[in-house]
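Before we start, here is the structure in question, set down as structure tokens.
Order of writing sets the labels: A, B, C and D. Residues in every chain begin at 1.
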Amino acid sequence: MNRVFRLVISCPDRNGIVARVSGFIAQLGGSIVEANHHTDSENQWFFMRYEILASSLGNDLEGFKTQFSAIATEFNMQWQVNDSASPKKIALFASKESHCLADLLYRWHEQDLPGQVACVIANHEDLRSMAEWYGVPFHYVPVTPDTKPAAFAEAEKIVADYQAEVIVLARYMQILPPNLCADYAGRVINIHHSFLPSFVGAKPYHQAFERGVKLIGATCHYVTEELDAGPIIEQDVVRVSHSQTVEDLKRLGRDVEKNVLSKGLRAHLEDRVLILGNKTVVFNA
Amino acid sequence: MNRVFRLVISCPDRNGIVARVSGFIAQLGGSIVEANHHTDSENQWFFMRYEILASSLGNDLEGFKTQFSAIATEFNMQWQVNDSASPKKIALFASKESHCLADLLYRWHEQDLPGQVACVIANHEDLRSMAEWYGVPFHYVPVTPDTKPAAFAEAEKIVADYQAEVIVLARYMQILPPNLCADYAGRVINIHHSFLPSFVGAKPYHQAFERGVKLIGATCHYVTEELDAGPIIEQDVVRVSHSQTVEDLKRLGRDVEKNVLSKGLRAHLEDRVLILGNKTVVFNA
Amino acid sequence: MNRVFRLVISCPDRNGIVARVSGFIAQLGGSIVEANHHTDSENQWFFMRYEILASSLGNDLEGFKTQFSAIATEFNMQWQVNDSASPKKIALFASKESHCLADLLYRWHEQDLPGQVACVIANHEDLRSMAEWYGVPFHYVPVTPDTKPAAFAEAEKIVADYQAEVIVLARYMQILPPNLCADYAGRVINIHHSFLPSFVGAKPYHQAFERGVKLIGATCHYVTEELDAGPIIEQDVVRVSHSQTVEDLKRLGRDVEKNVLSKGLRAHLEDRVLILGNKTVVFNA
Amino acid sequence: MNRVFRLVISCPDRNGIVARVSGFIAQLGGSIVEANHHTDSENQWFFMRYEILASSLGNDLEGFKTQFSAIATEFNMQWQVNDSASPKKIALFASKESHCLADLLYRWHEQDLPGQVACVIANHEDLRSMAEWYGVPFHYVPVTPDTKPAAFAEAEKIVADYQAEVIVLARYMQILPPNLCADYAGRVINIHHSFLPSFVGAKPYHQAFERGVKLIGATCHYVTEELDAGPIIEQDVVRVSHSQTVEDLKRLGRDVEKNVLSKGLRAHLEDRVLILGNKTVVFNA
């Protein structure tokens, strides 16, 4: 993998943005290795993402930022530029079910996840040995109805201590308090075990079984204050039939869940996901 | 295709049903070419479907029925036995959109649909020439808020005149009155242009676009009095992205709709779909 | 659909191409509504496709061409710019099987195909009435081992008379002569009824059945002199099982074939497919 | 999960098999909870699989076997009956790549694999710590061109010592000697990293990249003496595009490989796979 700077921009749409940005990069001798654009014509909003070879810019991220900020101001851009050599730090929140956590830890361990797992925070002790085998610090933060505010304050402090930039709810099964959603807006990723907006809330596989659907699914989305209603990053489904029990649905669903979560998280870690309102633009490779 | 008798049974579960039924068929020298069983352990209900070579039973459907009825009574069965040489007659209900109607007419014309299209009933004239090219009688029955009861009485009379056994709502866009749903319970098949239970009701593609889902779908189901809530026969989805407009969703969705409808209808026509409560057992080949 | 000019470029890769092209368009006040780039790092080759709002360029295609040619020369580009208001003319080649032809004619009739069906050329009379119902001229050009050169000369003349720009082999079942492949290189599209490179040549469904594969597929590709070996545009598969006969495979395969062909053809008609060697770049929307 | 006896039969087709078998079971008071039949009309061969509640047969497997053998002889059956309470023992063969091994060990550890992992045999030491964390004995059996016969003799001895009934090549990357294939015919399961019969042999992802396919896949099959040509149990694919490198194909492929292998192995462990010639009947739930 070549080291790249990932420039991600969203701004009001108008003519000449691409010309201005690509002209600026050309002037610097920058070599663009991947480029994506999207115009949301309904909202008159423009999105772009460039991967620029770091070496072609002298590996000088700060210099690039300084020079680019004038253009950003001119076009009223929300923007960021990130260095692939500085992968995002991740805090994994887990409970008792291991499949999503195990999958993410494994991928990270195999250098197949473009991020850095900083810690696991769990409200049960069950998954401690798994985390520790991977050499990841495990923090047990129990949550009870009474201790909820204190527990989440502690969890948020741990996240901050590790300077984690993204929180992943790997089947965490607890509803985050509004302030945590707000503090990490666009940076908390959940996996919901249904094809949203079907089967919001608890026991979606039971709901799916009762309704008799012929496909079940999973949804990776950003967490917002409203339960299971945040911007969707990725979804997938698997076929089921009348012969499958709720237990079968759970088993088949686990594979979908972990695949969808790892795919959505990968997109986030590579700065491929841009948010506008309650929807996402996902610039897949 | 060999001529077969399709024996379809559902009854309270108990030991010995398969032995009794298969023993009876063996005694007659019947040759079973396809067999499916399912036990719904939650409801203690048993389902089975056999395809028996008609020639092995002397092509005598009525004789088989008479002899089998004693077993049926003994086991308290709901049952039917149908002759593949007498395909079910179909009444196709359509409106203005042609993709589902065109697909079903084409498949029937190519002898790729195991049923007999008897007539098209439409509340607009737009699709008359298409139906007539295929040699299918076209009945224009307009529906307005004022004329609704009379219009549906007329439509139901046409269906009865053709002795149609199944009604297919090929993007008909009108809500059937409760009495018609009741008269043809388990025999009215609809295609809904979403992945139910997501996006019930009007404009599902607009709803899907607004929610920002990453897959859109279609659902083939039996019509019941409650809108879009009947037993699901078949569903499928297709991947979409941020770059697709509502018009793109409609275009991509049309292909899913027609494929799901023809697949669900095929299953119904071959007596592969059994209903229990609000769910289906679908014995796919 | 807004009228757009589609600018499609491939050239040796070097820095500054995007900046130069987008700068040029910005200077003209051109509004880019869709943009795709790809760098083939193995071959050091660059590909791009822009959709530019025609009105933003004063609807002046010829003017744009003239002005752009200097840049094209400078960067050694293979390029074209096409007007969405001038859809490509299509010659459909068919034989006896109707599913692909029927599907394309239907889509074109519903204005769902971004091209213009100019004629049908067939080596059998079977599909004449279908073509004629759609108002498309039907040319019967029989092919026998003896008459092959003359027949293809006649077919090529018909294509030329209609000024057709793309030839679609809609299950044509004849092998085109090398000179026709050469004359229309990159413009003859075939649908092969297997998941290439598996099951090249005749009777792929029989081959698939014999091998006992669990998925069957179809491949849309450009025709080259070597049979079933040209650049692949699109592929898809469908699940099959031991219970399916060769006839079932054919039936299930027909749906895959027509979907894959129409999808691949749509991409070609919208100038989304670029060829390098024996591979394609497909800029899907 | 209820304890069941799995009765699996294949024999020449003739009338009355189902009646005889189900009648026999009914006589014993056996409760059939899952039933599948298949007739291969080409080869006039019949296949069936029953799951019978063990408790309904007094948990007496040996008694059932003794009584059933008369029927088996009468119908010239190949048959077995297995107890779900005695899961098959598995020997996992691995090399350096961990994704398939890790996936199977994880599933087994989570009691999500209906078998018993007995040991890991590997020709490299890389995966020792992973196996040992799961408490599975790890045997390092290096293979060099010179030591091949001795190495495989040692490996086969280890398999025999553990009384392993199935060998899984979890990306083992070595070609088994003919005698081992023969000794464990129908009991050695491989995962090949292509959609067979495309891309037999070495470096299938490179082959796929060179050919420019739009889907890549994986194939789970029984190993026979002929490389990558044994009976196929399960296959699946994933979509790729021009923008993906060989490394991307490998990464995407790993997920398909492990899913296909675990699905195929699960079917084998549950006695759902029957072999006839070079093809399989897979009775999926």
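One rule holds in what follows: a residue touches a chain if its C-beta (ideal position, glycine included) is under 8 Å from a C-beta of that chain, and two chains touch if they have at least 3 such contacts.
Only a predicted model underlies this, so the values are computations on that prediction, with no experimental measurement involved.
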Query = Higher C-beta contact count, A-D or A-C?
reply = A-C
Query = Based on CA centres, what chain would you say lies at the far end from chain C?
reply = D
Task = Give, as an integer number of Å, the spacing between the C-alpha centres of chain D and chain C.
result = 41
Key: Intercentroid distance (Cα basis), chain C paired with chain A, Å   = 37
Task = Please set out, as single numbers or ranges, the residues of chain C touching at least two other chains.
result = 34, 41, 243
Query = For the complex, which residues does chain D have touching chain C?
reply = 38, 40-41, 195-199, 211-215, 217, 231-237, 241-243, 245, 278-282, 284
Interface residues, chain D side, partner chain B - complex = 15-16, 18-20, 22-23, 25-27, 29-35, 37, 39, 41, 56
Inquiry  = Could you list, by residue number, the parts of chain D that touch chain A in their complex?
reply    = 34, 98-99, 102, 106, 110, 112, 133, 243-244, 248, 251, 254-255, 259, 285
